[in-house]
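Chain naming follows the written order as A, B, C and D, and within any one chain the residues start at number 1.
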Amino acid sequence: MIRVCVMGAAGYLGGELLRLLLGHPGTEVAQAVSTRFPGRRVDSVHPNLRAQTDLLFSAPDDLAGCDVLMTATPHRATMALLPEARRHARTVIDLSGDFRLPDPAVYERYYGVSHTAPELLGAFVPGIPEYFRAELAGADLISVPGCMATAAVLALRPLAGLIGPDVQIDARTGSSGSGALAGDANLHAERSGAMRVFAPVRHRHEAEVSRLTGLNARMTATGVEAVRGVQVVCHATGATGAAGAAGTVGEKALRRAYRDRYRAEPFVRIVVHRAGAHRLPDPKLLSGSNYCDVGFAADGDRITAIAALDNLVKGGAGAAVQCLNIRTGQPETLGLGFPGLHPI
Amino acid sequence: MIRVCVMGAAGYLGGELLRLLLGHPGTEVAQAVSTRFPGRRVDSVHPNLRAQTDLLFSAPDDLAGCDVLMTATPHRATMALLPEARRHARTVIDLSGDFRLPDPAVYERYYGVSHTAPELLGAFVPGIPEYFRAELAGADLISVPGCMATAAVLALRPLAGLIGPDVQIDARTGSSGSGALAGDANLHAERSGAMRVFAPVRHRHEAEVSRLTGLNARMTATGVEAVRGVQVVCHATGATGAAGAAGTVGEKALRRAYRDRYRAEPFVRIVVHRAGAHRLPDPKLLSGSNYCDVGFAADGDRITAIAALDNLVKGGAGAAVQCLNIRTGQPETLGLGFPGLHPI
Amino acid sequence: MIRVCVMGAAGYLGGELLRLLLGHPGTEVAQAVSTRFPGRRVDSVHPNLRAQTDLLFSAPDDLAGCDVLMTATPHRATMALLPEARRHARTVIDLSGDFRLPDPAVYERYYGVSHTAPELLGAFVPGIPEYFRAELAGADLISVPGCMATAAVLALRPLAGLIGPDVQIDARTGSSGSGALAGDANLHAERSGAMRVFAPVRHRHEAEVSRLTGLNARMTATGVEAVRGVQVVCHATGATGAAGAAGTVGEKALRRAYRDRYRAEPFVRIVVHRAGAHRLPDPKLLSGSNYCDVGFAADGDRITAIAALDNLVKGGAGAAVQCLNIRTGQPETLGLGFPGLHPI
Amino acid sequence: MIRVCVMGAAGYLGGELLRLLLGHPGTEVAQAVSTRFPGRRVDSVHPNLRAQTDLLFSAPDDLAGCDVLMTATPHRATMALLPEARRHARTVIDLSGDFRLPDPAVYERYYGVSHTAPELLGAFVPGIPEYFRAELAGADLISVPGCMATAAVLALRPLAGLIGPDVQIDARTGSSGSGALAGDANLHAERSGAMRVFAPVRHRHEAEVSRLTGLNARMTATGVEAVRGVQVVCHATGATGAAGAAGTVGEKALRRAYRDRYRAEPFVRIVVHRAGAHRLPDPKLLSGSNYCDVGFAADGDRITAIAALDNLVKGGAGAAVQCLNIRTGQPETLGLGFPGLHPI
């Protein structure tokens, strides 16, 4: 039984970690740490865990030893607490943004502050099993990428060699991505039915995508009506041919590239149908599931790659558990079997 | 040109007052008072007013004279400020809960605090033109009822004599009723898709309904997914006959009662069709409009009366403007012509 | 391994049955029968089952033998096909409305047609394990009640003796209850954000509630914005005391009644908190889960009982699987462990 | 009084035309033609028009003379009926897709059928007053562009000379764009909360944008959760400089370009703020209004231009009425004063 401690356990990602770990046959929640609610019942904050656990939140100072420490704490706060907190566990899986970008200058450009633990930055393995499985098996520091970054990386990496270096990513996200303390601008009356372009250019996750794909990624992000769910629509052009012009890439070649890459992956599905309401990836179907669905289309030299996932699962807590499974030698899909609902 | 000052102008009701008054050919917004945003542009808070006005919010201390003062300030705060503020205007139209209940003991029972201006309580005329038109024409103190109370009163009063005294009201409301400062429990992720019974018994508005109908009203209130809109479903039984048993009331008699009462009312529509998606009142159709739709059904001795309105319009700002029109001798429907949208 | 055949497998309840049965360690889906899509892949209709199954739909004529037959076929059609179809299985679990009411006259009153298999009506055991567990263990004909009926029965039966006979039930439901062929009135543009009172009086499920509780139940039903989810708010009065007046029932007595009844139930939770966004049952939290949450409040002689569930799970497919577990001697909770999501 | 006949009056665009024309002081609805509902009350189909009109639908064969004929009939059907129908009116304003593309070959490429009235194609003036006001003043054949095309044209045309020729447009739309007969795939349960990429490449409106801007436009379209509303996010690069590289365009230059172009436009607002929930164009605020809000951002050589509108108003019926006002010499904003709601 792997003993796991969750820091930031009262947030949305923290709650999702608890849901997955409590339902996981090989893990035990040793502590659920919260700065806001120490001593309160976990299910008073995460009502879906009623009758699942009698656990109380612990105070940060009471953090004790465990096998795996998962940090779902805020950006900027995490880099301050992690150097000390990591002593309590052999393996740390961080879900914040603080250890995703190995270059402190890039971090500062996108997060607006200097990194206070730059010496650790290079030591984290990205929590994308599809591309870092071998490294994750032995990693003691794991950083789960941003939800939109994971989606874009899974959509774009199979296209290496087929597309040119410039990619425009149009990301859409539900409101849970803003967290449980999102403020007045995220009141239901303000956020309901919105199409809110909160990052018209330079969304942070583009830096992760560029790093993890080798592409020159630009990302626009829009909040749309949904609680869970991220979708990325990535626009690329065919790789430049001998003649210097962008090449045409047929849909067959695209399909082959995705199939070759993801045939054996348990949590990536290729979703491209000719017709129907569900012909391309839609996060609506993925709430609670650990799937990332990927799809594509082509029009001459233009290629559109699409991915969808649940930002709190494959885009966060589910990826973390998948990494834990790999790191601790358990079956990779353990505790992650929920397929999602339809209709929903 | 009637000069109107709005206090609490940065809230949702305040914004709706400004929208209606700015589009009204007979009124002029003299001041939009806000404690939070004095000096800021009104359209920075109410973005639908972009290109409608260059007005800035005023500080409460800068309140100057006007013809009509509209107070859309919070419950409990309003009774503290109104005795002084009313000196600046001939007529006050209050949209808060503080002057709706003439009996200070009832106020205390439902609001949990003693009333600090009980001497004024009896002086307010209820802002329901359908039942207080004559009094409103000369009133200097007007109190707009709660949104659910207005709906229930319009649904129930035509049934006087037909139904028994006990009425159970099931009220449903959108999220805008919680206001622009509604707090974490009203974040989109928490409130979206909810069916939140926030008052299983004893919702405040039941006291207003009891007072304004003479019935013994009980009200349950549930927040459902909508931003605007209130619907009440009122359950009653037929009036007791000579034999002592509840009487049967046919749908014909109900239709006649409503028709007789509302035939000439510009803002009450009777909506009872045999079939179709829109056969009974639904607030979805009423966003932005000043209509209250009423409908009904009967089953033996049981009667169901239904009403729907936009809580910010007929349930608040629209009713206030309708009262202003009456009080100032303008056509009652002036500035209130928007019919609502379909689909929406 | 219990071999299960699902008829009506292309509908929403059918899809939910498939999801639960495919994820159930003790069952095997022998056939998924559909009149509309024979030969098509099951996951082309239920996209959440992609990568879960390669099953194709079977034609009704190809129905073969199995251990348990589940019929999620339409009302009125089911009574025509079941007498023949039941020969293929030892146990039939019907999810339609056709075998819920033992009295054919009551059936005709609520469904508008004569029952064509009245001889079978009395043989069905209601699929509510909380009240029919012993009978279900040996039943070969099981009828899962209507989703709102199950919710109301679970809310009301513990109150036997505490409340008077007349109960008014206010039911709210999401759009999935209208099924996958719901027609133009259920287009997104028409149904989104609606509060549609589709049964102002005499909703069918009231007949089931009356039968299963011994109360005189009346039910109003409203479609609200949600895909999944049913909530009932039941209004009752305290049982008449010696003096002939309705008695006061304290919340302590109510809590005790619910605790006594549901202490050992795996899928009923009592949800009554003093404060917070989740203080009373809300179906928003229950999507995909088999829980029915129940709660209550009292005000003098009035009692409000509330229940919430996912209409496709505890209100349909989950209840059916729970019954199957009981009937086949498996642990009652097998395959029904998903706790629901928050936020969602 | 301008006498207007609306064909296709039972659809969503038809209903919106009726709403605007009935509330317009200078127009009169002569006929509301519907193939499906001749003889039925208009408000039985458009319930927001209750108490606004007693009009009945006319059959197509009963089309009589009028000043202006507005056709809100389906694509492909319109080109068949318009050559005859136009004889009944001096001016025709078409809202279908059939007369938007002057080149029949382009029409065939995007609509999949040959055009049957190619001789008329060149005679239509595009219904975008901001760019064709002078021509519209004398036009007898007017074609209102597609909703996403109008948004994109208004976002992109001010950038002529500042950006390179290739533009990728990411369009998002509410469900009303699919019309009142949208079919099972648009049932609420299927469409609610969806992010449905229904045109991953080659959305039809891209042909209109290319034609009306001179750019090489590509358009991806996604259905998101909303009933009304279209938003386009357009990705461009700075125009190539002397050195052959894409140039950097500062936000000041962008702001100047938009200001210069739209300073005097009554229905285009520039929405670009530093912060806040409403800093960029969002269709949520525009339901029922005739505004198109435009905004922008820049990051080095990349430019993002954003526009939002209500697809049924500025993207359809409102644009048609604005064109009618221009054509008939009335004030351009007449009947189009509704500013939109907040919150909604």
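The criterion applied here is as follows: a residue touches a chain if its C-beta (ideal position, glycine included) is under 8 Å from a C-beta of that chain, and two chains touch if they have at least 3 such contacts.
Only a predicted model underlies this, so the values are computations on that prediction, with no experimental measurement involved.
Enquirer: Could you name all chains that are in contact with subunit C and with subunit D at the same time?
Expert: Touches both subunit C and subunit D: A, B.
Enquirer: As a test of understanding: of all chains, whose mean C-alpha position lies farthest from that of subunit D?
Expert: The chain lying farthest from subunit D is C.
Enquirer: Could you grab the centroid distance between subunit B and subunit D? Build each centroid from C-alpha atoms only and quote it in angstrom.
Expert: Going by mean C-alpha positions, subunit B sits 36 Å from subunit D.
Enquirer: Report the inter-centroid distance (CA atoms only) between subunit A and subunit B in whole Å.
Expert: That gives a centre separation of 45 Å.
Enquirer: Could you list the positions in subunit A whose residues touch two or more of the other chains?
Expert: Residue numbers touching two or more other chains: 12, 176, 180, 186, 189-193, 225, 227, 276, 343-344.
Enquirer: Once bound in the complex, which stretches of subunit C touch subunit B?
Expert: 168, 170, 172, 185-186, 189-197, 200-202, 218, 220, 222, 224-226, 229, 231, 233, 235, 276-277, 280-284, 295-299, 302, 304, 306, 308, 343-344
Enquirer: Please name which positions on subunit D make contact with subunit C in the complex.
Expert: The contact residues of subunit D facing subunit C are 12, 174-176, 178, 180-182, 184, 186-193, 225, 227.
Enquirer: What residues on subunit B touch subunit D, complex-wise?
Expert: Residues 12, 15, 19, 23, 44, 46-52, 176, 180, 227-228, 269, 271, 273, 276, 278, 285, 287-289, 291, 337-344.
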